[in-house]
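Pasting the structures in now, so scroll down.
Each of the two complexes below includes chain A, the first together with chain B, the second together with chain C.
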Partner chain A sequence: MALQSLDIKQRSATTTPSTQVRQTVEIAKLIDVSACIGCKACQVACSEWNDIRDEVGNCHGVYDNPMDLSAKSWTVMRYTEVEQNNKLEWLIRKDGCMHCADPGCLKACPAPGAIIQYSNGIVDFHQENCIGCGYCVTGCPFNVPRISKEDSKAYKCSLCSDRVAVNQAPACAKACPTGAIQFGSKEDMKDYAAKRVTDLKERGYDQAGLYDPQGVGGTHVMYVLHHADKPDLYAGLPANPSISPLVSLWKGVAKPLATLALAGVALGSLFHYVTKGPNEVSKEIEDEIEKEDAK
Partner chain B sequence: MVAKVCGTPKEAFLKVCEYIAETAAPNKTMTNLYALGWTEHSVGSQNIRSMAIIQLLLGNMGMAGGGINALRGHANVQGITDFALYAQNLPGYLAVPSDAEPDLKTFLEKKTPKMLRPGQMNFGQNLPKWYVSLHKAWWGNAATKENGFAYDFMPKLAGASDVLSIFDQMYQGKVHGFLCQGFNPLASVANKKKVSDALSKLKYMVVMDPLATDTSEFWKPHGEFNDVDPSKIPTEVFRLPTTLFAETSGSFTNSGRVIQWRWKAANGPGEAKDDTEIMATLFLKLKDMYAKDGGAYSEPIQKLTWAYRIPTKPSPEELMMEYNGKALADVLDPKDPTKVLVKAGDQLPSFAMLRDDGSTTCGNWIYCGVWSQAGNNSARRDNSDPSGLGQTLNWGFAWPVNRRILYNRASADPSGKPWDPQRTVLKWLGDKWGGNDVPDMRPDAAPEQNVMPFIMTGEGVGRLFAVGLMAEGPFPEHYEPFESPLDNNPMHPKNPKARANPAARVYKGDMEAFGTAKDFPYVGTTYRLTEHFHYWTKQSKINAIMQPEQFVEIGEELAREKGITAGDKVKVRSNRGFIKGVAVVTKRIKALDVDGKKVHTIGIPIHYGFKGATKPGFITNTLTPFVGDANTQTPEYKAFLVNIEKA
Partner chain C sequence: MIRDPKDLKRYNASERANHWVVGISFILLALSGLAFFHPAFFPLTQLFGGPTWARIIHPYLGVLMALAFIVMFFRFKHLNKMTPADKEWLSKAKNMVDGNDHDMPEQGKYNGGQKVMFWALAVCMLLMMVSGLFIWRAWFGFDITLVRMGAVVHAAAGAVMIGLIMVHVYAAIWVKGTIRAMWYGTVTRAWAKQHHRGWYRQVTGK
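Presenting the complex of A and B:
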C-alpha cells in the first residue's frame, strides 16, 4: 500500500510473502481506564480525523451515545456503575479495536488484502478489497468490526494508521485531556503501565493490572484496569479472549485449500454482488466455509 | 451539625477534614479549585470566603500549588471580567463613580484605600494613577488637569446592573432596547418565563452572535418547547452574525490570569463580521448623527479617543496596545528626576510607571506590561519551566506584571526563608527578593521592615474578619437555599428570618414564584456535561451525536418509588414551569439524610433547547428561581424544588 513506512506483516487470504526488508517498531496505545473521565473527546476526535458522522440518535437512559460501535463510530465509551464493598465506581471504558497481535478478523477474512497487519502491529481494513461477508465480525473475539449498511464494507478503528505513518499519535490520544490515552512503542507503553499499576496499588487497588491478553498474542491497544482480575466489570471485556476454534480450524489446517476455494468464491461473488447484492454473497461464502469446516 | 445540614456521612466528612488539616505542614499544600457548584447559590460568595479563611489559616496562600482558584466556565471569562463585564466595575476592577462623587477629587479621596498599619504597601493607594491613566486612554487631549481629566465624561453608576436586575427592569417595562452580544439569556438566565415576558416588553433587540440562538427566536413558537404567541409580542429582533473566536485574532485570559494571544485560523462565513467592527461602525454612526443632529451631552462621544488605522475596524493588536498604555511625556524616576524611565511615546513596561498627572495612558492597569516596547508579551510561547514548579514565566503574560502566584511573599517565613525549600517561590537574597516568580512585594523590602504579604489590604494581612465588605456579616454563615426541603435552617431552627440568606435580593413577584416542599418535594440541581459547552454546542453536529437528547438523572430509590425506569420520558415541574426529558437512572445520585429527612436530588443538564442539531428540547432554566447570591447576584441554579412524574 501507499503507507510504506508501516510495512506489511500479513494480509488476509494471501500466501505470497509480505515485505520483510525493514524492521519497524512495534507500537501500542495504552488506555488508562483509571484516568478516564468519560468526556468523549476521543470519540469526537475520531469522528473528526476520520471524517465520519454517525446519526444524531436518542438518549436511551444512559450516558453511552452512540450506543454501540458502527461503521461510523469506531470507538465508543462504555459506562458501568459498579458498587462493591460499599464503594461506588463509575468504570468508563473506551471500546474499539484492540489491534490483536494474532487478529481473528484477519484470519477469518476470505478476501485477499482486505485486512492488513502492519509490522508495527496495526490491523487495518482496506475497504477496496472487502467483499462484505462479515467474517471478520465472527472472527473477532472483541466484537468490533461493523458492516456498513451503505456500502457493505467492514469498518473499525485503524489506530490512525495514516497519522502513525507520519509519526503522529492517534487522534484520540492527542485529544484526551487527562492523558488517559498514551501512545508509543509497545515496550514504553508497558513500562508506563507498570508505573500506573504500582501507583494504583499504593492507592488501595490491589488487583490493578495491565490488560494485554495473551490468548490473541497480546494486543496493540492495552488497558490499565483497577480491577484487572475482573475485566468483565468493564462492560463485558473478555477475561481470556481467543479466536474461535472454527476460524483456526479452517484457516489453519485447510488453509491453502480454503484460500483457493474462497478465491474462486470471491471472484464469483463479485459477479453476484453486481447482480444480486451483498447479502447473498455472504450466504454463499458461509456455505462454502461450512463445507470446508465439515471436512 | 455539618452532616445534619448537608447529608454527608459524618465519617466521610471528618476524613476530608483530616486530609485538609494535614496541609498545615510547611511542606504540604492544598489548592482549592471551585466553579459554579459553589457560586450558583444564594450563599455563593460565603462558600468561597469560608474556603479562603481555611486556606489562610492553613498557610496555603501564596504557596506553589496553593491558593483558592476559580475555574472559569469559558476560555475567556477571566478576560471579560477584567474588562468590566460587571457594570459596577471599570476595567481592572476600578470603582465606577456615582452621583455621590461630584468631582474627581471627591471620588479619589473616597475610593483610595487608607493605610491601616504603618509601613505596609497598601497597594490600592495607587488608584489615582490607574484611574487618571484610564481617562487619558479614553479621552486623550480632552482629559486635562483643569477638567478633572474629563471626570464628567465617565457615565455615573445608576443602581444595580447585574443580569437579574437588568431583566427585572426589562420585565417592568423600563428597558426599550437590548443589545445582546454573545449571550443567550432566554436559556441561561433563571426563570425562562420571566425572561421571555421581559424580552416581549422591549421595542427592539439586536442579537450579535455567531449562532442563531434560542434568544433570537424567543418570539417564535416551537411546539411545547417554546409555547408563545408571536401576535402578542411587539419586539422587533435584528440578528447580526458575528465571527467566532477562531475567526478573529485576539487573546484569552485563563483562570490563572495568563493572557494568551491567539491567531485567526479561518475567515468567518457569509456576512459575519467581527464584534469590534460591528461596535465600531455603530459608534461612528452615532457620533455622526450627534454631530449632524445634535443631542444631549454628546461631548463624551465626540471626544472619545478613536485613533485606529481603519476607524471601522479597530484591530486586536491596536486594542491590546491601548489597554497596555503608553507614555505621553517622558516618565521620570521619582528618586532621581534626571533619569528617564520611559521615553515619551513608548509603550509602558509596567503599571509602576503610571502617573496621575496625565502623562500616561492605560486602558486597563492590570494589563499594563502585556504589550511593552518588547512587543506583544501575550504571544510568547516559551514553555520552559526551570524551577519544575510549572512556572513557565515566558509563556504568555500573567497579570499583574507577569506574576504567576498572588501573595507569593507568604510562601516564605517572616525572615524571608521559603516555608518549603523544595518548592521555593520567593526568598530574600540579602538585598532583594528573588526566586521563581515575580515578587509580590516591594523588591527591596527587607524582612526586618515587616512589610506584610497581603499588599492589597490596608493592614497588609489577610482578613479572617471582614467588616463592611460582604453583603452579609463579617463571618460566613449557613443559610438554606431559597427553595429548600427544610422548614428551617438547622443552625437556627427557631429563627424563621435566618432560614434563607437575609441579605439576598428578591424582586416583587419572585417570592410568590417560589415553591414549597409540600408541592415540590425533591431538590433540583442543574449542571453541564463534558460533551457540551453551554447552549452553543447543541448547534454542532458532532456534539449532538455524543449527547443527542435532553435527559434528567434520578437515583435508583426514587426511580423505584415513582415507577420510572431508565429510558422513560419524564416531566419535571417547579413552581415556574415544566420540562420533559429521558430518565437516566443512576447509582451516582443517592438519597441524602438531611436533618432527619430523606431528600432526593434530581440532576438536570442545562444544554438543550429548541434551536440546534440535537433533538429539540426544553430550556432547563424554565425551572430555576429568580434569586441570586447576595453579593454577586449569580442565580441559585444549584438548589431549588421540583417534582417529577412519568410523562
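Presenting the complex of A and C:
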C-alpha cells in the first residue's frame, strides 16, 4: 500500500514524473558486519513485524537457516568461514534488499506502481499491482526479489517502510542486540560508518571500509566491511554491482526505439496507400481473361 | 454463395485454418507482449481480463502459435526456396513499391518479397520460442544471464516480428483481391496472371 506520509520519487512503468515538491531526508540502514554476532534476532524481528512465517525447513549442517531468501524470508544471515591474514574469520552478513538509488527491479518492472521508490530512498513492492512476471528478479543486481509460490507475487525487504513512515526504525535494527544494525539519515550513517572504519583500521583491518556501491547510485542499506577490498568474501557480495547492460538495453533505449519504429511502419503503410493508391489488377489483364472466356 | 467456378484455388481449408490459428494467436501475443514491453501499451492487458491474466495467458498462446507455425513452416517451406528470378524481383522491389510493376520478373506462387518475409518470420519465431522459454518463470528457472539475454532477444525479435506482420498485412490490403485467398481460398485468374504469372501458367496450363 502506498503510504501517504512518504513521498514517491519513482514508480515502475510510469513515464511521467512522480511527486517532487517536497525534500525528504534520505535514510539508510547501516549493517556493521564487524559487530554482528549472528544471533538472527533480525530475522526473527523481520518475520514478527511483517507477519511472515517461512517453513521451518531442515538443518543443512551450517548455521544458515533458511538457506536462502524467499517470499517469506526477506532477510537471511549468510555465514562464511574464510582465512585472512593467517587467521580464521567467521564473516556473517545480513543479506536482503539493498534499496539501490538506481533500482534494477523498478527499471525492469512492467506493471505501473508495482514497485515504488520513496523519496527517502526506500524501494518498496506494492503486491496489489504486481502481475508476477518476475522481471524484477531479472533486473536486480543483488538477486533479492522472490516470487511467491502461493500467489505468484514478488516479495522482498520493505525496509519496514510502514515503520519508517511513522518515524520508527526498521524491526531488524530495533531488535539487534549489539548495535550492528544502525538506522538514520544516510548522512549520519556515513559518519557513523567512518568512525567504525577508523576503529577497525586501528585494530589492524587495513582494508576496512564502507560498502555503498556507486554502480547502482549508492544504496540505502550499507555495510561496514573489515575487508572492503574483497566484498566477494561475504557470501558473494558483488564488488561492483550495477544494472546489467542487457537489462538497460531491454528496458532503456529499446522501448522508445521499437515503439517509434512500429509507429513508423504503421503510418508508413497508411501513407503509402494514400499516396500511391491500391495495387489493382490491370484492365488489360482483365480484358484478356474476358476474351479467353468469350472464345 | 456461388463464385466464379474458374477462380483458382490458392489455399485449401486446412492451410487457411492453420494460417488463422497462427494469425489470431499472433495478434493476441503482440497485444499482450507490447503491454509488458512499454508502459504506453499497458492498458492493453485489459483485453485479457487484467494484467495478471495477460501474464499468465501470454506464454500459453506462445506455445499454440509456435506449434501452429511449425506445421505451417513445413507446409510452405518448399514453395519458398529462393531462385535467381526472386533476386531479380527483389532488386526491382523499389519500383513495385512505387506502384510500377510493369518490368517485374515473372513470379511463381510467391514472389521474392514474400519469400524473404517467410524466412525472416521463421527466424524470428525460432528466436521467440527459445527466448520465451528462458523467461517463462512459471515453469522454468534458468540462469540469470540466460534470462536477461532471453528478455532482450524476446523484446527485439518481437518488435521486428510485429513490424514484419504489419508489412505482411498491409501488402495483402494493398494488393487488391488478395485477402480472399485467406478467407475462402480462391483468387481470380486475372489476379494470378497479374501478380504470380508463373503460378498462373502452372495451374492453368496456359
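Following the convention adopted for this analysis, the second predicted complex is superposed on the first by the 251 of 295 C-alpha atoms of A that agree within 3 Å, B and C clash if a C-alpha of one lies under 4 Å from a C-alpha of the other, contacts with A are read in each partner's own complex, and residues count from 1 in each chain.
Going forward, a contact is a pair of C-beta atoms (placed from the backbone, for glycine too) under 8 Å apart; a residue touches a chain by one contact, two chains touch by 3 or more.
What you see is a predicted model, and the numbers here were worked out from it, not measured in a lab.
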**Asked** Which chain makes contact with more of the residues of chain A, chain B or else chain C?
**Response** C
**Prompt:** Can A:Q182 be said to touch chain B (first), chain C (second), both, or neither?
**Reply:** neither
**Request:** Classify the contacts of A:S47 with the two partner chains as first (chain B alone), second (chain C alone), both, or neither.
**Result:** first
**Message:** Taking the superposition on A as described, I'd like to know which of chain B and chain C A:E81 touches: first, second, both or neither.
**Reply:** first
**Request:** Considering only touches as defined above, state whether A:S34 meets chain B (first), chain C (second), both or neither.
**Result:** neither
**Asked** What is the contact status of A:G134 with respect to chain B (first) and chain C (second): first, second, both, or neither?
**Response** second
**Request:** Applying the touch criterion given at the start, work out whether A:P110 contacts chain B, chain C, both or neither, answering first, second, both or neither.
**Result:** second
**Fill in**
Both chain B and chain C touch chain A at residues none
**Message:** For the complex, give me every residue of chain A touching chain C.
**Reply:** 13-15, 108, 110-112, 131-135, 137-138, 143, 147, 152, 244, 246-247, 249-250, 254-256, 258-259, 261-262, 265-266, 269, 272-273, 276-282, 285-286, 288-289, 293
**Asked** Can you list the chain A residues touching chain B in their complex?
**Response** 37-41, 43-44, 47-48, 53-63, 65-66, 81, 83, 88, 90
**Request:** Give every residue of chain B touching chain A within the complex, in rising order.
**Result:** 530-531, 541-551, 565-568, 581-588, 613-615
**Message:** Per the contact definition, I'd like the list of chain C residues that touch chain A in the complex.
**Reply:** 6, 35-40, 42, 45, 51-52, 54-56, 97-99, 101, 135, 137-138, 144-145, 147-149, 151-152, 155-156, 159, 162-163, 166-167, 170, 173-177, 188-191, 193-195
